[in-house]
Every structure is written in structure tokens, then in C-alpha cells.
Amino acid sequence: MNTRKYTLIGGDLRNVKLAEAIYEDGNQVNIFGFKNAGFDMKLPENEDMQEAIDDSQIVIGPLPCTNDNEVLNAPFHDGKIQINEVFRIMKKNQLFIAGKINDKITHLAKAYNVYSIDILDREEMAVLNTIPTAEGAIQLAMEELPITLNGSKVLVLGYGRVGKTLSKMLTGIGADVYSEARKFSDIAWIRAYGHKPVYINELQNVIGDMNLIINTIPYTILDTSLLEKVGKECLIIDLASKPGGVDFVRAKELGIKVIWALSLPGKVAPVTAAGYIKQTVYNIIEELGV
Amino acid sequence: MNTRKYTLIGGDLRNVKLAEAIYEDGNQVNIFGFKNAGFDMKLPENEDMQEAIDDSQIVIGPLPCTNDNEVLNAPFHDGKIQINEVFRIMKKNQLFIAGKINDKITHLAKAYNVYSIDILDREEMAVLNTIPTAEGAIQLAMEELPITLNGSKVLVLGYGRVGKTLSKMLTGIGADVYSEARKFSDIAWIRAYGHKPVYINELQNVIGDMNLIINTIPYTILDTSLLEKVGKECLIIDLASKPGGVDFVRAKELGIKVIWALSLPGKVAPVTAAGYIKQTVYNIIEELGV
Amino acid sequence: MNTRKYTLIGGDLRNVKLAEAIYEDGNQVNIFGFKNAGFDMKLPENEDMQEAIDDSQIVIGPLPCTNDNEVLNAPFHDGKIQINEVFRIMKKNQLFIAGKINDKITHLAKAYNVYSIDILDREEMAVLNTIPTAEGAIQLAMEELPITLNGSKVLVLGYGRVGKTLSKMLTGIGADVYSEARKFSDIAWIRAYGHKPVYINELQNVIGDMNLIINTIPYTILDTSLLEKVGKECLIIDLASKPGGVDFVRAKELGIKVIWALSLPGKVAPVTAAGYIKQTVYNIIEELGV
Amino acid sequence: MNTRKYTLIGGDLRNVKLAEAIYEDGNQVNIFGFKNAGFDMKLPENEDMQEAIDDSQIVIGPLPCTNDNEVLNAPFHDGKIQINEVFRIMKKNQLFIAGKINDKITHLAKAYNVYSIDILDREEMAVLNTIPTAEGAIQLAMEELPITLNGSKVLVLGYGRVGKTLSKMLTGIGADVYSEARKFSDIAWIRAYGHKPVYINELQNVIGDMNLIINTIPYTILDTSLLEKVGKECLIIDLASKPGGVDFVRAKELGIKVIWALSLPGKVAPVTAAGYIKQTVYNIIEELGV
């Protein structure tokens, strides 16, 4: 693989690890926005952003890119990094990669003639992120439950990307895994992968026996009628992004513990997550021929 | 589940087992075209087709439906069962389900006002069929190789439906599984499922070490340049439908054994295959509200 | 199974759960020594020990039985429960079951004509306890490491009971597991179970690549020469009872993080552990024909 | 590893492959007794046995050594190889390794001052041989049954070496595995490994539901009372050495198909079996310091 020149601007621990990993592969790496990272960076920080961006081929921003559509997420930086300032400095042939680049940022990039790519839109990134997400959920369950997952009955709601990896890992440590789906073809896959298939309209028959329920579906699937069937000792972990998949108010009234766990990859395994970002950046480069 | 009235016309051992299984679920079942099945049928055969079709709600034909677009595949029947005769007898509210209903047969059905469904177009059927396909391939490999699959290096070409199930099962019996794919997201899945990913352009680097190669890709991926790297003791099993994925002539010249194995489900596990057909027929009925 | 009469005296949360579980199986259960358990006991505590022991067939004490050879481990009790007082009350036909009944306690029991059984000497108990031990170690590793276990290189030192279950579970969540053993037959089992075998004298060749090392061997296997090869980011978890398997002083000097984790079953999964105790008590009863 | 000089005398295809494999590791290898092996031997056969044995450090005979206590098993040899002739030629410092060296042969060896080792007494050899044994049984089941093993109910009788590997592999391809044992500690292991434990006196409750039963216990466990509960479509594979574990006469009367499959490693995977022999020979040498 040919080496290239990268600039990392802002982001959390994952981007620190990403910068180091890209550097260790033999690439040149400039960094900006990590002064307070609080540990020995192997790479020295550039003095100003202009110098950092310079003639890099790839400029990598935070995941997610921004919270306010104005400044980059840069928790290790003292001041503010204006997004339009970044785009102003960047040249036409430079590539901007970051996470959750929304419509507003996309428009801004276009206005400055910057080619931007949302790394979280990449299918392989979404697939790889299921691994730390599943492990994070398993860790949470182990911490909260007074029973082992091995031998427990676990219901996984949804057999999308996260549901698949979660079902596999839970089976791997010996849980008795029930995977819910609403498509007949997913039911077939669940069977092929050796889990117990639960067709959506059979949920009410099995939910009462579960020791742990992990939801991956981003709408309220665990409503009053299902929650009322859940055992009092059962733990619910909701991995779905807003609005989540649980009627949280009702669950609380019923005395059922629910943990809403979001953004697990960066929290539980920042180094692994950085490795996935690196791999995906390299894939983008290979596809684009940068 | 409500019971219904079915007619089974023609087909191989799978349809015999299917008729029995549907009957054991409490349904009424007429059969026609199985006189020479050569074993005690629990169900008596109807005298003529008109009587067999009668007022059934669902008429199930062979998989595949026909070889010549004229008569049904009916290996256990003495005479010929004309497809247009079947359609002529059927009434508007009866459903015709069979396998590989091509354009010509579809047109014919429409001409006779018959609603036909190709069961092999159903995604869940395709998924379930990967199970006997994978087991059949594993059985073949065990029969042919003087080594155990456990501990062997096995390359699975293609990570579509069959590739997924095959990779999982081979890993399950302890083979060292290399799964090839050409999409980065499939490479990510292969990693998540614990197999060794092989990106398509790295094939040449690993193919020489393999003890077994199983192809699932329906175009010539194993061409001269790759075949020349394959070891002489390596077995190749090709599961891809015509034209297959191997340059068979070149393989023969090189002294590499290739087995082209098609239609495994009906051959290696007719009873299981019949069970899958039954499940899929029930799914169709549930969706259509027949 | 016939029901019987049990008395539970002292012990931690496991014995609370054990009492409840035995009761839910339809047995009579007296309890003593749980007044401060701090939650609603479904069973009312007996007023005095004499009354609690009464005519029960089986008297179950703590795991471990005692720390000072004088009083029972009874963290939920206000006063002290003298062991000789328990034995004095017990009649000849009553069975005393507890954990780690050492020589001194055994002699005491004999002096009082009490038949005592150490439940931790039971092979099935030791086997079952490997499950929460392994899960506890996995939870610890997940909490400490900034990488996922999936995809990590993990070395398990020792292929005894804990080593076996740990290797299996770690493989199940997708770690790359290296299992060390010093017997050729264990090396063969490691191969049969699909892990990477490491013969003891090859340790030095692989130890430097590991992300996690879990020791199960109760003597100093990780000495200076091996510790010096361990990577700085590698985590060591020592599950071996005293004196442990790591030169802790040397590890600290080298800046390697070591966690010495003992008695995990009661800590991480008291309800599961109670279930195992119950099963083993039932096995003892079946064998003895009590 | 230091290279040595070996002589291979007699034996089946495994010894042919063994000779080649030892040779490819850089050792000197003489062979005698393979003239009719019917394929290009990479190694030329010695003219006479005296010359073949010569000054080799290790002389390897057949597995099993002999059928009549007089001559070596040498299916690829024209004449007879007298065992006492072999021992007469061998010198004191030469090691004789073969399979199933019974008391009579052991005495003979001693009389000639020959140090003999039965490779089938080696624990690691027994463990490794479970792999081709299990795969052979799985292959047989796949060939005989009209259903896939995936999704089938399979009962493994006995949880010794073969029972363990078989249970693991069957689970790996997706069978629903019930493992029988009579020791509580084995029941605990079966649970830890994720199979369904069947305590011996519960056999009668589950045996009727099985699609496949594989026996590994060398005494008649499947007697009339159990056989009468077995379903007519169930296949029984008996892997136990004489007298086997099935009342074969009664099974036949009941119309239940039983296959008695012995010596699978050499039959289904001679090359793998040869590899295991090689590894075990090397282990012996390492232990003895030859």
C-alpha cells in the first residue's frame, strides 16, 4: 500500500489512536486539536490549523463531526474549531472524512468545493461497529445481572446488523438466545445460525421467560402490553438510537430495570473502534484511487 | 393454524414427504402422480387429476416445475401430466405453487387465470436451502478427502447465502475457513463471524495453501491463473449453477479434481427439504390470507 | 424427587438464594443467621439455632465454612455462630454440608458424631464453578481493556477445569485463544477444541503478542523472564489461588497491569452459584440415599 | 528438532503416509513391506529387512501390530513378516513403536531385549484419534439419513474422549445434541460445553425423540427396553469396540437400522491419522530423549 499524508483534526480518544495507527503504517500524519489529550502523544501537534492541513491528501474530522453545525467536536482542544474555517483552508483535491456529516455540513462542504464523505454511512463501518456494540452490551449485562449469561435466556429484539452479531456472541458464551424478527427470511437466517427464532407476533409467548432482553429496534416495540409480561428480575438493555425501543416511563412504573446504552464502540473499545475507522478510511482511499 | 385443503401433483421424493407432512398437520391432502413412488404412501392416490384438484385451496407442483415447458416433472407417474391441463382444471380462487416457474409457464397460468407462485423465488426458501446445500457439500468433501475437515484449510468462494452457511458449518466442525468476498461490507461480516476474510484480489496469495475449495459464485472465478496455483491434492467442489465457477477443462488438464454438485437439498436431505417447502407454503398462505 | 427438610445456617448472598431455591422446589427450609441480609426474605428466620436445626435432614453452612476455625462465616448475622455449638445441637442422622471444611473442622465434626461433606470437594461443583469464574474474568477484561475481546489475542495459562471453560467462552465471543498446557494429551484436547495449543516451553515465543493473559496455574509461572517479554498494553488476570501465578512485584516494576481475581462465582453471579450449590446438594442426597 | 533415522515396516496406507511425512521433515527413512502399495512411493523400498532396520533409531510397525501374534500386519507386502524375525534383527538401542502391542508381543520383545511402545496406549494419540472418528461418524450419518444433521436431535451415549469431540462437532454443524453420562461431573461438563445433559437414568425419557443415536460405550447400553422406545426412522451408529453397545439382534427384529463402525481414523482420513501418529512418535522421542 502506498503511503499518504493525513491530517487529523479534533475528535475523541478514537481519533488519537487513529492518528497513531495511521502513522505506524508508515504514513505522514499532522494533528490539530489534541493538546489536552492528557497523555504522551507520539505525534507532535501542529501549531496552527493551516499548517496542519497543508498539503495532506486526507483530512479526518471527528465522529460525530459536530453537535451544533458550527464547530467540530474537539474535546481535547482549548478553543473552538470552526467548520467553515476548516473547509476554507482545504483545497479541491483534499478529501474530508468524518462521522455523521448531516445535510447542513454537506452543503457547507459543497459551497467550499470540499469533497466530504460520512464514514458512518459506510456499510463496512456499520458492520464492524456491531462488534464493540455487542461486547459493550454483554459487559453491561454481566455487570448488572446476578446470574451468568451462560445458561440464561436472552431475547434479542431485531435481527439487523447489531442483532446478528449480538446473537452470535451471546450464543458463543453459552446463553440460550432467542432472536426476534418480522421477516420470514430473517427467521430462516436465525435458524441457520442456530438461534431460537421468535416471529414478532409470538413475542408475547416467550418474553415472560427471559432473564435479559436486548433491543436493537429504533421504535417502541416494548410497549405496555409486552412490558407487563416481562419478569421483575429481567434486565432490559436498549441499544436503539432515539427514541429508543422501550416505553421507559411504563417500565419504571413496573419496576423493570432498563439501561439505555448508546455509542458503545467509542466508550468500551476506543482502540478497536479506531482500528475499524482506519480500515474503512483505507477502503475509501482504495475505491477512490486517492 | 386453520386447516386447509391441498393437492400435490407430481414432483420427487420431497413432494411425497411434503404431502405426508401437510397431512400430519391436520390438513386434507389429495395427491396425483405418485403411483410408482415405490413405498407405502400413507395417503391414497386420487384416480384422476380432476378429482385430485377438485376444490383444494392450494395446488402444489414439482420443484422444478417442468423441464420442457409442456409437462410437469413427475418421476413417479406413468403417463404425462400436461401443464395446460392442470391450469384448465384449476379454478380462479385456487393457488398454484411450484418451483422455477419460468416466464412461459407464468404466461400460460395467466392465460388460464391461475394465480401462480414460484416457491424458489421466496427469500426464506433460498435461505433454508443453504442448510442442506452446505451439509451436502461437507459430506462430499468428507467422502473424497483423505484428511479430516477439522484442521484443514478450506476456501469458500463467495459470501452470499450459501457462502455464509457453509462458512459457519465448516468452522463448526473445526476447519480453518477462509471466506472470499469482493465487497468491503462482506469482508467485515466475515470478520464478525470469525472466519478469515480474503478480499478477492488477495485470492492468489492464499489459494495455494488450501486443502479444499468450495465455490458458490456463478461465473468462472477459478480461471487458469488461479487454478495453476492450486495444490494437486486440493479438492474443488463447485456449487454454482450453470455455467459454474471453474474452468473445468483447464482443471482437468492440471490434474485437479473438481466435483460439480447441483441441487443438493433434494438429493441429500429430501425430508428436511420437504419440511422447508412446507414452512414456506405456510408463510405464503399467512401473507396472502388464503 | 421427594421433598426434605433443610436448615441453612450462615453464609453470604448465595446461601440466601439457595434457601429460596430449595424452598421453591417444595422442600421445608429453616434459616438462621440472615437477619441483616437487607432485603425481603421470602422465608422467616427462626428465633434460635436449636429450633432452626430441629429435625432437618440436611444442615447447610457457609462457603467457605469458616475463617478462624471457631465461628461460621455469617456476614448477615449480628452475633457469632460457634461451630461446636452447631455440631453439639446436630443429631447423628443429620448431614452437614458446607464449603472448605478443613481438617480441624472435620475432626471437630467427628468428635460430635456429625457427618460432614465439603461441597467444594465435589468434582461437579468445581466444574460448574468454572462457568461464573470464566464469565467474571471475561467481564473484568472487558472493563479494563480499550479493545474488544473479539479479535484480541488471549493466552490462557493452564488447561485444567477453569482453563477449559475459559478457552471455550473466549473463543465463543471471537477472541483468538492460545491455550497453554504441559501435557501432550492436553495439547491434543486444545487442538480438538479448536484453540491454538501452546506447549509450555513455547510460551516465550508467543507471550509477547498477547493482548490479555489469564492465568489459572497456582504457582509462579509468569516469572521475570516471561514478564519481560509481555507487551506494556497487555492485561494480566490471575485466577489462581494463593500464592497466585504471577511475580506481582516484578510485574509492577515493569509497568504491567495485573488483577488478581479470586472467588469470582459468589461475586459476579451469586444466583447462578446458588443454583449450582443446590444441584450439587441434590446430587449428594441422591448418592447417599438420604 | 534434530533429525533421526527411522524404519517403517508393514502397516496400511497410514504408514505409507507416515513414512513420507517423517521423510519430509528431514529425517532418514528406510521402508520395508510396501511393495504393493500401488502408487508411486517417493521412498524406494529396501531389498531386505536386515538392511531396512540397519542402524535406525526408531522402528515403526503397523497399527494394529498383528492379528495372529506371529506376523506383522502388512497388507502391501507379498510374503509374511515374522515378528520374532524383526525382533531378532533389532539391536538393544533401537525403539519399536506399533499399535496394540498385546501381552504376548510384549513378552516376545522382552525376550529379544527390544524396547517396545504401544502408540495406541498414548493418551494424546487416543485424544487426536477422536477427531477422525467423530468426522467418520458424522459422514456416515449424513450418507444414511434423509434429513440434515443441522436441526436434528442427536443422542451421544457416553461422554468419554470420543463422546466429547463428537458432541462438540455435532453442535458445530447445528445439531441439537443430547449427551449422556453417568457421572455428575460429566453432566456438569456437558452443561459447560453447551450440550443438553442426559443423566443415564433419564435416557428412557428422551430416546424416543432422537433422529440419530451414536454410541461410544463398550457394553450393551441399548438393550431391549431402550430399543423399544427408539423411533423407526432413527439411525443408530455404534462406535464401541467389541462387543459393541447395541443388542444388534433385537434392533434388527425391531426394524431399527444399526451401523457398527470401527477403526474409522484409518478408513476415513488416513493422511490425518498418519499426521497424528507422527506427532505422537515425536512426543515419545522428546520424552525419552532418543
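Structure notes:
To keep things simple, chains are lettered A, B, C and D as they appear, and every chain counts its residues starting from 1.
Everything that follows uses one rule, which is that contacts are C-beta pairs under 8 Å (C-beta built on N, C-alpha and C of every residue); 3 or more make two chains touch, one makes a residue touch a chain.
This is a predicted model, so every value here is computed, not measured.
Ranked by distance of CA centroids from subunit D, the top chain is A. Interface comparison, C-D versus A-C: the higher count of C-beta contacts falls to A-C.
Of all residue numbers seen at the subunit B-subunit D contact, over half occur in both copies; the interface is built from largely matching residues.
Once the centre of each chain is set as its mean CA position, subunit A and subunit D turn out to be 50 Å apart. One simple way to say how far apart two chains are is to compare their mean CA positions; for subunit A and subunit C this gives 36 Å. Residues of subunit C in contact with at least two other chains: 131, 150-151, 174, 191-192.
The residues of subunit A lying in touch with subunit C in their complex are 13, 131-132, 134-135, 138-139, 142-143, 145-151, 169, 171-174, 268-272. Subunit D contributes residues 122-128, 130-131, 164-165, 168, 183-185, 187-189, 191-193, 280, 283 to its touches with subunit C in the complex. Residues of subunit D touching subunit A in their complex: 150-151, 174, 191-192, 194.
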